[in-house]
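Below are two complexes that have chain A in common, paired first with chain B and then with chain C.
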Partner chain A sequence: MVLPPVAVVAVFIGFPVGAAIAYTLGKIGGPNSTVALLAQRQHVAHHGVTLGAYREVLGNTHVRGDLWATIWVTLVTVACVVLLSWSIALYLRLSNTWISRVVSALSVIPLFIPVVIASYAILTFYAATGFIKTLAYHVGWQSFPTLGYTLTAVVIGEIWVNVPFGVLMMSSGLNSVPNALIEAARDSGASLPRTVRSVLLPMNVIPTVIVATFTGIYVLGSFTVPYLTGPTAPNLMGVSMQQFFGSFNQPQQAEVMAMIVFVLAAGIGTIYVWANVRATKRASSTT
Partner chain B sequence: MKARLLAIAVAVLVFVPTALSATHAGGHAKKASAGTTIVVYASGDVNVQGLWQNNIIPGFEKANKGIYVKFIFSEHGTDDGTTLARIGAAVKGRHWPGIDLVDGGLVTTLAAAGLNQPVGKATAPNLKKINPDLLVPVKGAAIPYRGSSVVLAYNSDKVKSPPKSLSALLDWIRANPGKFTYNSPNSGGSGYSFAETVVDSLLTPSILKQMDQGYNPAIQSNWKQGLDLLHGLNKYMYGNGVYPNGNAAVLQLLGQGQIWVAPVWSDQSLTALKTGQLGPNIKLTQISNPSFTGGAAYLAVPKTAKHKKVLYKFVNYILSPPAQQMIVDVMAGFPAIDIKYMGAAIKQKFQDVSANTLRPTYQTKMGNDFKAAWQQSVP
Partner chain C sequence: MSAVEHQGVALGGLEAAELPVARTNRRRRPDMRTFGMKLVGIVLVVVLLVFMVGPLVWLMLRAFSGLWQFPQFLPSHWTLAWWRSVFDDKSLAHSIRLSFEFAPIVTIASACICLPAAYAFSRFNFPGRRVLLVSLFATNAFPKIGLYISMAGVFYSLNLMGTFLGVVIVQLIGTIVFMTWIPTAAFSAIPRSLEEAARDVGAGPLRVFFRVTFPLAAPGILVAMILSFLVAFDEAQGTFLVGIPNYITMPTEMYTLVLNYPEQAAAVFSILLAIPSVVLMSFARKHVMGGKLAEGFQIR
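Our next item is the complex of A and B:
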């Protein structure tokens, strides 16, 4: 029964990944012969494997700069998204006014706007002639920085793109906490912050981990937002990968960079799996 | 009542275009049965589509009764990958790929892979009118049929006398910090052309010729001086060294008045001026010593194309002065044939924009390495 899905995964994911790994190690035969025919500056292993491509990419100071930029943009974005979506979801959970309903509608709107359009909008909004800078100028803050084409703009863009998913996940998590639990805590004299800390927070760990890990993996491999709003260098790995693959015609180096991103993403994935396993164990021990 | 109206509206919207396209296709089918039909595949933006569909093809069919041209268009080249694979497989298997003439980015790839009929075997007299240098980068296996060049765009409200030479432009950049930029060379041809032009100005003619004609990593060390010069310009660029991604992003900065001078594609900027993306205060000019580079668009004849004799008649028509005139009129492109064969009006038109031949760029692989070298050393 499980064979067809397994076969699909093996053929459409496993095989290309295997071929790509072999190519990064200098194997240019078989499925890699077409890409190797057209590529430039390849490291070829005639016997065994070569780590030449890895050595070249990791030894390149600009790629290392891109890697650090990617890591800190990812960390900052994840922190901001978790914080923002937690606060919005908490507000929606505890308040039922028309304002909260408007906020909940607004917070998911970015989900329906294509990333390309959003990126251009962010670029225009924070540009030297954009709204924010003009506003700052009129209130007397003339040295306000131009954020367009900086990593800050990339962080803003990534947050913008990822917050709706965070809000949806967090809200559904918080909504599944029964009202009775919150009321019981309040009745025994717990303050609102205490209720949040001791009841809502522990019961919403899994959605929080999901939001953090998925946002992290998304930002690591993102392309459109950093490509359109980011600086020329250093920029995120997604952009440099595209440059090496397309513009410089160096697919081997691009695949090495993909491997590096893959290892980082796998690290994040491990946290997600660990949290899930822990939650399942807990659930089975309490029942 | 409302529902019925809506239903009728939907029916009209769906059926009328279908019916129209059906009659259109029917017209083609009838034609096809009457004489020789050649199949053309083109990819690009709508200006390329307009050039073929409304100008070159009707002009040729009118002059040659009994020959029909079937036109396949792929907007923005989304079908280029599959077409490339299709032609590759057909030529290797020695059968007809279903396409006789190709116009698009895939042509140079076809030429490099040896899938095209060499131009030397072509029977089109007008081929003699093209600049033979344009055949070198495609190994003589693709036919240049139009060109576009990079020009200097400037905001005439702010810049009264634009720089006329490369050294004057570099002086202007240093004198007006933050008012110039170019897109990163890996993201578009206009920024690439500026970077290459600066580097070329410091190369000897023989080294430059080698770079234009072949791939030789050993001579790439000659780029160092020019790249250092570009690196030194960082602090005079828009935003202290911002190089936006893509030709269009530079046009946007220019249109918003954030920068005053920038290298742009001639045809793209003329279109932007027409549509109002750039205001009437934006003017175009060309610099000298050296001029910006240009690029040719090529046509490919796959080795296994049908009706080659008739096909080259069509190619000959495309390279004739009247068809080349259409390229100038319709898409603000450059003629591929030597300007001396064109009318006096054209000669005058291009006098202040460009020299009469396009200055070639580096060979493709050399260009790829140049983009990588720029990315490593300039920003």
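Our next item is the complex of A and C:
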């Protein structure tokens, strides 16, 4: 009974990823033979493996620019999403008024909107004739930069898409902190910031790590947001991957870039697993 | 991965709780702090209104604008002409139809593949159960576009590029986690004593399943199906890579629209594309915002 979904994952994820690794190392036989027939500028290994494709891709200054852009956008997005969702969740935890209900409703709106539309909406909002420029014009700040088609717009789009998930995770983490604990800290004279720092922060580490890692992996693997809102170059790896695959007809190079993104994501994933293991250990040592 | 999809991964349980808002009854001290909190709240509302809602409103206005010149806050001339032009455009109408063909097929295929597994995961304890359950998560642990590129390479050899089946598979991949994890939680939430009681009064295993287990798990399964439908419906990047040029669904058509059509046509199309998401997510809202988020994500 368990077999079908596991088989689907093995056949359509495990197998292609394995084949892609072989292909990037110059193996053009078996499942890669058809794509190898179509591809241009291939690095073929006749015996053993070749790192030629990796050397070419990493030596390409455009790709290196994309790589740095990807890392930069990922880091900034993760930082902003963690900060924003922490603030919203903290506010929701400490306040129970009609305002907090409005905040909680507004912060999950992106869940209801397909990413394609969100990206396009954000592009027009920050474009040269968009709302932000119009507003800046009316307050007399005419030199306000146009953000559409910049990496800043990509960051804004990625934040937009990822904040609801962050707020839901953080809220659920903060809500599991018993009120008694907060009350106790407050009664013994701790200020609100001190209570947050010494009680809420340490008890919400795991949700924070989860939000950071999942946002990071999401940004690394995103295509729609950077494709629609981002600049021509340098843009995120997702976009250049698609171009190498579709437009330049260089699937091997595209798959090398996919591998680079996988490695970055694996690094992030390691942090996630490590944080989980550490938390489990700590939980078992304290109880 | 759409926002919906991102979220659904987090669904560990099926609590029908609202979005968690503090239910504290802290002693109210009428001092500066309550005022401060109110101020913080209002600032947050304004920021969220501009940042989250602003772009959507701006886009919607565009769908009805005949003439809109910078730097005006509203169009100076309103029109419905763009709606007519979108409905009259054959290729756009075709992509709408395609989207409504793919999404149900993918959802049903996903249900057939995953629901039996979900039942097995929740009812039988077999060796490797946890490893298999977590391994399904591989579908979401890989950066999506990298994964699609790897898949596309092999799809050439399997003759799946540009085929109906290829697109179904690409969209199916994103639904697997929902279709197993959420129903697994739904089945697990049913007390075994209920099934045992039914068996004690003489019901056969099939009858127990269809009269007791399935009806109780149905809401969870329904949520999984709604989310899967939306994942498939909103999937753009994989379909773009594998389906082109034969199968261009609504979200993939958006790429072309944004680049090649008047902005207003793209705005109209955006609203059309958003309708199913908004409607279906509103149904699933209570479940999606349940409180069991963090638990579902922790490796145990």
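Here is the rule we go by: the second predicted complex is superposed on the first by the 275 of 287 C-alpha atoms of A that agree within 3 Å, B and C clash if a C-alpha of one lies under 4 Å from a C-alpha of the other, contacts with A are read in each partner's own complex, and residues count from 1 in each chain.
One rule holds for everything that comes next: contacts are C-beta pairs under 8 Å (C-beta built on N, C-alpha and C of every residue); 3 or more make two chains touch, one makes a residue touch a chain.
Note that the coordinates shown come from a computational prediction; the quantities given were computed from them, not determined experimentally.
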Clash or fit, chain B versus chain C on superposed chain A: clash
Touched partner set for A:Q40, first chain B, second chain C, both or neither: first
Touched partner set for A:S198, first chain B, second chain C, both or neither: neither
Chain B versus chain C as contact partner of A:I122, first or second or both or neither: second
First (chain B), second (chain C), both or neither touched by A:T146: first
Partner chain(s) touched by A:Y227 [first = chain B, second = chain C, both, neither]: both
Which partner, chain B or chain C, touches more chain A residues: C
First (chain B), second (chain C), both or neither touched by A:F214: second
Partner chain(s) touched by A:N276 [first = chain B, second = chain C, both, neither]: second
Common ground on chain A, meaning residues reached by chain C in one complex and by chain B in the other: 128-129, 227-228, 246
Touching residues (chain side chain A, partner chain B) in the complex: 40-41, 60, 62, 127-129, 146, 148-149, 227-228, 231-233, 243-244, 246-250
Touch list for chain A against partner chain C, complex: 1-6, 8-9, 12-17, 19-20, 23, 30-35, 38, 87-88, 91-97, 99-118, 120-126, 128-131, 133-134, 137-138, 156, 160-165, 168-169, 171-176, 179, 182-183, 192, 206-207, 210, 214, 217-218, 220-224, 227-228, 237-238, 241-242, 245-246, 251, 254-255, 257-259, 261-262, 264-265, 269, 273, 276-277, 279-280
Chain A contact footprint on chain C (complex, rising order): 1-4, 6-7, 9-10, 19-24, 26, 33, 37-38, 40-42, 44-45, 48-49, 51-56, 58-59, 62, 70-73, 112-114, 116-117, 119-121, 126, 129, 132, 135-136, 138-139, 141-147, 149-158, 169, 172-173, 176, 179-180, 233-234, 236-237, 240-241, 244, 251, 254-255, 258, 263, 266-267, 270, 273-274, 277-278, 281-282, 288-289, 291-294, 297-300
Of chain B, residues touching chain A in the complex: 184-187, 239, 241-245, 249, 256-258, 365, 368-369, 371-372, 375-376, 379
